[in-house]
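First, the structure itself, so that you have it in front of you.
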Amino acid sequence: MEKLFFDSDYMEGAIPEILKKLIVTNFEKTAGYGLDEYSESAKRKIREAIANPDADVYLLVGGTQSNATVIDSLLKSYEGVLACDSGHIAVHEAGAVEQSSHKVITIPNRSGKVDPADLKQYFELFEADANHDHEVPVGAVYISHPTELGTLYTKQELKDLYEICQKNNAYLFLDGARLGYGLAAKTDVTLQDVAKYTDVFYIGGTKVGALFGEAVVFKNRKICPKFFTLMKRHGALLAKGRIPGIQFDTLFSDDNYMKYARHAIALADKLEAGFRAKNYQIAYESPTNQKFILIENTKMEELKKKVSFSFWETYDKDHTVIRFVTSWATREEDVDRLLEII
Amino acid sequence: MEKLFFDSDYMEGAIPEILKKLIVTNFEKTAGYGLDEYSESAKRKIREAIANPDADVYLLVGGTQSNATVIDSLLKSYEGVLACDSGHIAVHEAGAVEQSSHKVITIPNRSGKVDPADLKQYFELFEADANHDHEVPVGAVYISHPTELGTLYTKQELKDLYEICQKNNAYLFLDGARLGYGLAAKTDVTLQDVAKYTDVFYIGGTKVGALFGEAVVFKNRKICPKFFTLMKRHGALLAKGRIPGIQFDTLFSDDNYMKYARHAIALADKLEAGFRAKNYQIAYESPTNQKFILIENTKMEELKKKVSFSFWETYDKDHTVIRFVTSWATREEDVDRLLEII
Amino acid sequence: MEKLFFDSDYMEGAIPEILKKLIVTNFEKTAGYGLDEYSESAKRKIREAIANPDADVYLLVGGTQSNATVIDSLLKSYEGVLACDSGHIAVHEAGAVEQSSHKVITIPNRSGKVDPADLKQYFELFEADANHDHEVPVGAVYISHPTELGTLYTKQELKDLYEICQKNNAYLFLDGARLGYGLAAKTDVTLQDVAKYTDVFYIGGTKVGALFGEAVVFKNRKICPKFFTLMKRHGALLAKGRIPGIQFDTLFSDDNYMKYARHAIALADKLEAGFRAKNYQIAYESPTNQKFILIENTKMEELKKKVSFSFWETYDKDHTVIRFVTSWATREEDVDRLLEII
Amino acid sequence: MEKLFFDSDYMEGAIPEILKKLIVTNFEKTAGYGLDEYSESAKRKIREAIANPDADVYLLVGGTQSNATVIDSLLKSYEGVLACDSGHIAVHEAGAVEQSSHKVITIPNRSGKVDPADLKQYFELFEADANHDHEVPVGAVYISHPTELGTLYTKQELKDLYEICQKNNAYLFLDGARLGYGLAAKTDVTLQDVAKYTDVFYIGGTKVGALFGEAVVFKNRKICPKFFTLMKRHGALLAKGRIPGIQFDTLFSDDNYMKYARHAIALADKLEAGFRAKNYQIAYESPTNQKFILIENTKMEELKKKVSFSFWETYDKDHTVIRFVTSWATREEDVDRLLEII
């Protein structure tokens, strides 16, 4: 019997609508570097979706690249970016931010999040520190939504973070690698809220239906008028810019982006309910497409034979936290089979 | 009547074989970051094609990114890379090499190429300069094949450059963004020669049949054992590494890469012959898929109404050099129509 | 009555022997960039003092500059440097290490030190982490001796750290901005031990008798054969290299370096004993020239009128930790006056 | 008989007034990092000398360091600095500008200078280039005065360069490592002109009377409000900031800076006149303290036995261009002796 895979949300290709569109348009001749009509259409649809005609949209290739390029666009040479210690840029991007000579300054996470009160205090202590001219000032704050732990900010938290940033002359940047799953989950945060309470964010395509691609959205063009040049400099400018263009144009047509995201969340919820029903303990509460389960090691070893999932962390000598991830491509029958097996 | 496009070789999507394979494999679940079987298969086929089982192959996204990441992998912090003044990294990459803190040192080009005698002299003069410890030493030499002017190195030139580099403890790096077209043109250089007379090179996919992708080939793993980490750091590591994997696996199956390259060269040759037949002057001799034509300005303006091509440079007040490019996707009927029009 | 100053160890000029030598040699004509005879003599004396004829010695200007230049010389582009969270490079150098694109990776300090067991565990966990290829590998470990808290490593700790580093292919780098005071304090560590159990370290001049200057000592020339060029690149190469040359030549003549260091330690000990005698609580045990005293806030405010010292940190709402520092230039009568006042 | 030295202007220590002041102030206790009264006094005197009370002045250690730190303060991450091909930053600083990830863009020099017409054309061609978004935009222009060839800009040239820069949103930065000698030579440019027609410049101390030190002068504080932090980041912030403070305070007292500069120029003029009187050919016209002489190789070899000078360049197989440099420390009797010998 075929093995089940719940390791991550980047194990398959793209939603069929994207592949179809790639085929239909394959021999059309378009301008390079994102100046084609598909990229233009995608950008227009995104500006409409967030109800901000001033928004400046760019289509990049991947998450680490987007993080590094955006952060480089926001900071002065001597500034750093603040993240919580579980932030992706702080741990799992092999120093991509430092590659642009910027320090990642960390504060402890609270359920994967930067807490507004902690952030406020950080700025206050920095200001109060007599030696702060010998230290790296924070020019931008990085958050991810959903976070690396699958958690979500509330609308009030986003609003607070944004206000604290504005008061302290720092940009707020939201990494939305899994944004669709965040918006489709139980939340009071809409896409328009994300656009409103940040200076720049991105809409993840790689993990939400595309072959690859992240749509970076600046609140306005003044934040970085030369972002195109900066993309080139960071190796983030595709010659065939139409490829992400076609993908985002498709994702933002016919409600595709949210439709597929809702599918993943529905199955994630079913998966969580199934584990709970069998008395598994949820290690971290996550309303999105990543579910963290506490499991006995002997049980885990047995499960491994039939199901592929992610090791998350050692809990104690007999228990482990493991992660199950659903995606736009997950089949309900696979979730059902998993729930039978456990 | 439909307009003709000869602007560049990145105006269309991908060869049909690639699109087909993307569809067939779309719902397979594979490991991320290039650890999938398609990437493995692509790498194996490339190692076979160059007859070097020790070769260390990585699949990146685009040309500028490949250049910046490879050069960063070759140089010590205080070293620079030498290129000729028309080299892509010296002019058209928005400072992507400097982004990694490395200087691009230039010498005058000869028909778009680094001349072995010039390179030899550069190293000798540097060595003889009493102040050279105050200057940036060359740790790598960058060449492109074909060059930005469509020209090609001879086998002897490659051999000479490689020997000069080895003697001076510098790596030789060949940018093969259009490598297929170079190999399919009239030349005594084979893919195996390219692999033999360089330390690292890449096989361009973006311009030769793929949606995107460049296959970077190191002579052996010792040159940069941590290139995977460096890719991540440069935002060059795709989560869905299978996408370039599938593309290069397809390009290196059934002779696709060379078959499509030969198609482009055959049409480029026909195009050049047609221009010559109508007594146009060839501005720069190029045996590859870029053809540089000298044209009267009035004639050029007229042509523009029906054909899209690249402005190359002003020749004199009445004449301009323009560029026509063929690709794997160019249709013979379009070349025929162009030759009727001119 | 004149105010007393115990703020830091860089409040005065230089030991008189240095000023004398500067005057005597002022109109001699010497080669620039450290190629003069005084620099040569200084380096020779340092090599003798550490009993390592292979040592490669360079004279730089200041601490932050030395840290940044040395770390850049040790790391590959994708590597980072590990320090404890109180390490100077992690906090108070305004991102000088990140300026060279390298991450500073921190672990919690133990009394200002990197604990060998913690370091061992860090390397083990990194190795065990399945995702470590997405993380910044440690290429060097940074320690300071004395530390920012005035503490000292034992000989065994140095030995252990060095062995752990060697096992994990990381360099061990010791910041000796206050090295003289460390060697003159109660310790089982000699200058030769420092040289033996590190790959590179520096002998601080700025805080121990010189106008400025730090002598960087590599175990051998192979570690960075082009350090001269790297100094230039980092703006650390003085045209009049003889100025630090003369200073270190003088410091390493007639036992000056240690003689003046012992003077500072004797007075620091007297100062500590005096505080203890008056029942002050020592906030952190420091055997070197920095003394950390817990004081009532009302008392502190009173003391401020007559004595200048450093605020260190808030202890609770009624108490503060303050720092008193002695140096080669401290006068015994000033310590006596301080002890009367408190 | 003692050998004569005319190699460079950094072969001796400092003017006696500086050494005296260092001794007198040696045991005074002052704040660190340039916050002392001597640094304040020096800055005040410089602001007065240039008649600009808004000027923002910082005291750095050396020329390469000043160039790198200032340029980093002026540029956005994706911008480069333009210099002429003989500019010090382009050739002899081991990539210090690239260390901050910025490209040095060069245009051909005219007698060591950036020609205003060339600069204007550069900006026009860049603007006209359809691909300029793929290229590094110029954010600052670097000139030196005197240049590396000892030449000087006229007041009109400075004015033109400044206007061209302003029109193109680029800063104009003047490297004044030998500024005193430039001002003391035959010229229509005053110190106030330099301050007026640049955004930032520096007054060289290392080559004009100090042990070391360069005074960087920004037109106003808005250009880089956090330059202090940037200095720290670049390792350019001295703990004992008073040392350059005392030196510039002394140089800008009693007309010392210009008095000593005039001395060097008077002797340089005498030296040039003496060579001309003996029918030597002047290789490059230089009105400042560097004189470039064409000499027969046999004659040169003979001269070397008694005089030390700089090799400049090979002229032809029988002739060489050599350089003689005077300084504040040059003795008239040595010039006389030289003129007898030649």
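Here the chain labels run A, B, C and D in written order, and each chain numbers its own residues starting at 1.
In the analysis below, contacts are C-beta pairs under 8 Å (C-beta built on N, C-alpha and C of every residue); 3 or more make two chains touch, one makes a residue touch a chain.
Just so it is clear, the structure is predicted and the values come from calculations on it, not from any experiment.
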| item | value |
| --- | --- |
| Pair with more cross-chain C-beta pairs in contact, given C-D and A-D | C-D |
| Recurring contact interface, reference B-D, options A-B, A-C or B-C [over half identical by residue number] | A-C |
| Separation of subunit C from subunit D, taking each centre as the mean of its C-alpha atoms, in whole Å | 33 |
| Centre distance in Å when subunit A and subunit D are each reduced to the mean of their C-alpha atoms | 50 |
| Multi-chain contact residues (two or more partners), subunit D | 78, 93-95, 99-101, 133-136, 229-230, 232-233 |
| List of subunit D residues in touch with subunit C within their complex | 5, 7-8, 10-14, 16, 19, 22-23, 25-32, 61-66, 68-69, 93-96, 99-100, 206-207, 211-212, 229-230, 232-240, 242-243, 329 |
| Contact footprint of subunit C on subunit B as seen in their complex | 72-73, 75-78, 100-101, 133-137, 226, 228-230, 232-233 |
| Interface residues, subunit D side, partner subunit B - complex | 78, 80, 91-95, 98-104, 130-131, 133-136, 311 |
